[in-house]
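Here subunit A shows up in two complexes: once beside subunit B, once beside subunit C.
After this line comes the complex of A and B, so read on.
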C-alpha cells in the first residue's frame, strides 16, 4: 500500500509517463476513497448476510405466530409484542423457565470456578516446575486436545451410573475441577511461559516456595488468561447439550438447552413464536457476554486458537 | 534436561553447592506432581481409564444391564454390515469433505478482505465472529430449522428468484446443504485466526513482489499461501476434527432421529442412539474406537503431508 520511498537500481527508469498535468497525489487520494467506500459496502453487505439469521430470530420472537413463516417473512411487523416471551417464561411441564435459567447458571458458574482453579494449578506445574516426566505428560495433554471425546462417554456413564450419580450435576462438573478441558490448561501454560523467569528466581531467593510464587506472583499476572478462560468456560457450559442430555432425567434439573429440546418435543412447532422467544432467552446471556467482553473473546481466539 | 535424582545425589558429595541443588530438585519433583494432581487425576480417571474400558467393551455385547460377554470382533464385523452405520459414515464424510473446506475458504477470503488498515476492522471482526459463539447451540439449531422449513424465509427468498425447492428440512436431498451452510456460517473463528496470521506477514514482501510485477494471484500463491501455511494447517486440522463430532445441531434439527431418510444421521448421533437409546454399549464403544482410529489416521496424514506444504519461518523463508 505504502509508496516505495527509495527507487532501487534495478527498477527501470520511470517509464515514459508524460509530464504530470494532473496532480498524482490527489488522484490517489480519490482512488483510495473510492476503494475504501467499495470495501465498506462489500463488508457491510456481508455482515448483513451473516447476521441475518440472528436478526430474523430476534424479530420473529416478537411477532405473532401467524406472521412467522408463511408469506409474511419480512423482518418488520406491525404487531410486535412480548406475548411470546410471556408464554416462554411460563416454562414447560410445570417447571418455570426461571428454574432452567438458575440451573444453567449453577452449571456455568461451577464450570468457571472449577476450570479456572484446576487449569491454573496444573498449568503452573507444566510451565514453571522442572520435574521428571513433564515433557511426556505435556505431550499427552496436547494429544487429548485432538481426541474425540465420544470414546470416553460410555465408560464414564457406566461408572457414574454405578455410583448413583446419574441425574445429579456431579458428572457434569467433576471434569471441570479436574482440568479435563485441556484447551484451558494449554492456554494458561502458553501464557505463563511468556512471563519472565526472573520473577520466580527472585522470589525463590527471598525464600518463597511454589505455593507463594503461584499464588502471589503468577495468578495476579495471569489475569488476561484467567478472564478468557472464564468467559469461554462459561459459554461452553451454557451451550452444552450432550452432557446434560446424557446425565439429567428430571425436568426440574434441566439447564436451558435441554428445556428447549423438551419445549420443541412437546409443542411440535405449533407455537413457533414461543419456541423462538425461548431460544432468544437462552442465548441472551451469551450475547450480553459477547457485547461486554468482545475484545477478550476475539483476542483469545486470535492468539490461542480457541474454538468458539 | 531431566537428570535422575539418584545420579545427582551421588554427585552431590563432591561439590559443596550440589546438595542444595539436589534437594531443590527433589522438592521440585514433589511440587511438580502436587500441582499437576488435578489434571493428572482427571487424565487417569476421565480419559485413560475410560479409553481402556471402552476398548474392552467394544469386544463385548455389554448392554448396561447384563454382565459384558466377550464376543471378539463381532461388533466391528457387524458394523460393516449395518446399513445405518454405513449411512452415518457417508453423511459424516460428506459433511467433513464439503463443509470444512468451504468454511475455511470463506474464512480465508474474508480475512484477506479485512486485512487492511481501514477503519471499522474491529467491528467487522466481531460481527463475523459472533455466529461462531452461538452456532453450535440448541437455540440456533431451532432457528435454522425454522428458517429452512416449509415457507420459511429461505424458501420464500428462493421462490422470489423463481427457485421452488420447498422446505429444506423435510427434503433428504437438501438437509446436507442446510447443515453445511450452518457450519460455513460459523467461519468467524478460523477467520479471526487467519487474520492474526495475515498480520504477521511482512508488508515489504508484497512491495517487493509488486515491483517485480507480480499480480494478486501470484502474490497469493507465492507469498500469502506459504507464509500463512502453518495457520492454514492448524485451522484445517482443528476444523476437520471438530466436524467429525457435530452433534447438538443434528440432534435438534432431526428430532434426535437423524431423518429424513437418514440424511442427517451423523456419526455421533448414531453412536448416541445405539449407546443410550438401544443401550448397545459394546456396539457403540466399537463405533467410538473406530472414530478415534479414523481421526488418528487423518491427523497422521495431515502431519505427514504437511512437510511438503507447510513452511515454518526458520526453515528457509
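After this line comes the complex of A and C, so read on.
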C-alpha cells in the first residue's frame, strides 16, 4: 500500500529558493552567487541520493547474478551484458513475457477507462444533483475509504467464486466500472465543487439536461482531475499484486507483478538478474505514461490555482 | 443498519448462490470420470521459480499423453503468495484439486478438513520408506504423499578451506570439534571469511540435537517435549563463539540479504537442508560445495532423518477424486517424472522414481549424501503443530537478539518459552 500516495503529496515540497534576502544592500553579487552554488550542490546531492536506487537497479540489470546482492554489491561491474534481459524475455513456464505485458496493459487500461467513466459520473451526482440521502451516501462512500482492503478480501472472494467469475478479469475490473474507488470519486467531487455553479445554471437556461451539462460543460473543465485519476489508477493497477494473485489461476492470464516474483524462489535458486531486468522493462510503460501526462498535471494544478 | 441497497445485495447474493449450488448438485454426479473424447479437467497448483514451472509443464504433458481422459490445468505462484492465495481459497471453498504442499502447513489444513484423506483413494505407496510416510499423516489419516526428501547437512566450500590451509572435515565430529573448526576458520579468515552462521538459531538443528539426546521436541498431545534447561544448554553451545570470527555478525548477515552469508562467500560453512545446494552454487558462483553430516556428541546417534521437502495433497472438496489420485500417483512414482525433476524438488522419495532417475553433478552429490547417512536415519517427525511457522521464526529472531547482545541466554529462553506456550494454549 505504499503507492497510496495522494497527488497532493507531490506538490509543494520542492525546495524553495534560498532564504529570502533581508538586506540586499549588504550582500554583494558574489555572496549571492556562492549561496546559489551551495544551494545547487545540496540539491544535486539530494537528487543523487534519491536516484541512487534507480541507478543501482539499472546497472544491476546488466550484471551477472553472482554480483547482485550479497557481499559483492558495487554499482559498477566489469561483466556487463544483456544476458539478464534475454532470460527475462524468454518467459516463464511456456508463457512468453509479452503475454504478461499485454495482460498488465489490458488490466491497466481497463482500470483507467472504468475509473474515469464511473468516478466522474458518480462525482457529478454527488456534486451537482441534490437527491435525497445525498449526505448519507456521500458519508458511506467516504467510510469505505476507512475500511482496510484485507477485511473484504474473503467475503469478496466468496461472492466472485460463487458467481463463477474467478480466473477472469471481471473481479479485478468490475469495481473500477462501478466507482468502487472512493478516493477518485472524492477527488472529483471536490474538484467539481470548485467549478462555478453559474456555468451549469447558464446551460440549464439554454435547455441542457444533466447529460448535456456533464458531457459538454463538466468533462472538459475537469481535465486535470481526469488526468491525475488516470495516472494514479494506471500505476496502481500496473503494480497490483494481491488482486491478480487471488483471482487469476491460469498463467496465460497473469500480469507482470505475478511473473516478477517467479524469478525469486528462496526454496530453490533465485535469478535476481532476470528479475531486475524484468523490473526495468516493467517500469518503462509507467514511466512513459507518466512523462506523457505529467505536463497536464502541472497544467491542472496551475489552472486550479487560478480559479480557486 | 440495513438500508435498501444492502438488503437488495443480500437478496441478490442469496439467489445467486442458491442457483449456483443447485447447478453444482446437478452436474457433479455424471462428470466424475472422463473419457478420451470427453476428458475431465483437474487443476494443479505449485510454488516455485521459472525452472520448476518449465519442468512441471513437461511432467503434465507426459501425464496427459498417458492419461487421455484427464486434462490438467497447471498454475503457479511464488512461495509467499502461494499461501495467501490458499488461505483465501480455503475460506471461499475453492481450493484447487491437487496441490504441492509444505510440511509446516499440513496439520493446519488437515485438521480443518480441507484436505482429502488419500487413504480413501488409490495412490501406490509401496515404494516409499516406511519411516517417511507418517510425516504426511495426522491421526491415522493420510493427507499428504511426500514427493521427495531432504536431510540436514553441513555444507562447506573446499576451495575456501584449501586457501586457508585447513583440512576438509569428514563429518565425524562432536560439537566441541565443530566449534573448534569454526573458530579456526574465523582466525585464519581474519575478518574476511567467517566460520559460519550461528547454527543454534535454526529450529531444525535444535530438533536434531534433541533427538541426539533422545528427547522428543513435541509430545503426542502437541505440547513441548523439552525443558527450559535443554534450550539453555543448546543456546550456550555457541556462547563463546558469538562476536568472534567463528560466527558472522548479525548486522553483516542482514546487509547481505536477500542472499545468505554462505551464498555471498562470507562464510566457509552453513548448516541447513541438503536441497539448497543448487541455490548456493548459483548464488556464490563456487565451483564445488560438499556435504557432511551434522555434529553429534553420540557418534552412533546423529539424530538425522529424512523430511519430505514437499508433499502432494488433494482438496477435500474435489469432484474428481479418482483423477486427482491418479495424478498424485504419477507425480510421486513415475520414473520419467524423476528424470524431469532430478533433485530440484529434493531427492525423489519413491524408490521406483529414484531408481529410474540418473543423477549427475550436483544432483549426484545430494543423492550420495542421503545414501551415506542412510544407516543413521530414524523416523521422520510428525507433521509440526499448528502455528509451527511462527515458533520457527521466533526461534530465529530470538537467536538474532542473542547475537546482537540484546538478550542473555536465560532471557532468550524465557522469551521463546512464553511465546511457545501462549501459541500452544491458543491452538489447543
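By definition in this document, the second predicted complex is superposed on the first by the 245 of 308 C-alpha atoms of A that agree within 3 Å, B and C clash if a C-alpha of one lies under 4 Å from a C-alpha of the other, contacts with A are read in each partner's own complex, and residues count from 1 in each chain.
Here is the rule we go by: contacts are C-beta pairs under 8 Å (C-beta built on N, C-alpha and C of every residue); 3 or more make two chains touch, one makes a residue touch a chain.
Predicted model only: the values in this text are computed from it and were never measured.
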item	value
First, second, both or neither for A:144, with subunit B first and subunit C second	first
Partner chain(s) touched by A:66 [first = subunit B, second = subunit C, both, neither]	second
Subunit B versus subunit C as contact partner of A:132, first or second or both or neither	first
First, second, both or neither for A:264, with subunit B first and subunit C second	both
Partner contacting more residues of subunit A (subunit B vs subunit C)	B
Which of subunit B and subunit C A:166 touches, first, second, both or neither	second
Touching partner for A:212 - first (subunit B), second (subunit C), both, neither	neither
Subunit B/subunit C common contact set on subunit A	69-71, 153-154, 157-159, 161, 241-242, 245-246, 261, 264-265, 269, 272
For the subunit A and subunit C complex, residues of the former touching the latter	65-66, 69-72, 91-94, 153-154, 157-159, 161-164, 166, 241-242, 245-246, 249-251, 258, 261-272, 274
Interface residues, subunit C side, partner subunit A - complex	13, 16-17, 20, 43, 45, 47-54, 56-57, 73-81, 84-85, 88-89, 91-94, 96, 256-259, 263-266, 278-279, 281-285, 344
Interface residues, subunit B side, partner subunit A - complex	1-2, 4-5, 25, 28-29, 31-43, 45-47, 49-51, 53-54, 57, 64, 110, 113-114, 116-118, 120, 124-140, 142-144, 146-147, 149-153, 156-157, 185-186, 188-189, 192-193, 195-196, 203, 207, 211, 234, 237-238, 241-242, 244-245, 247-248, 251-252, 255, 268, 271-272, 275-276, 281, 284-285, 288-289, 291-292, 295, 299
List of subunit A residues in touch with subunit B within their complex	1-2, 4, 8, 11, 36, 39-40, 42-43, 46-47, 50-51, 53-54, 56-57, 60, 68-71, 73, 117-119, 121-122, 124-126, 129-135, 137, 140-141, 144, 146-159, 161, 174-175, 177-180, 185, 209-210, 214, 235, 239, 241-242, 245-246, 256-257, 260-261, 264-265, 269, 272, 275-276, 279-280, 282-283, 286-287, 290, 294, 297-298, 301-303, 305-308
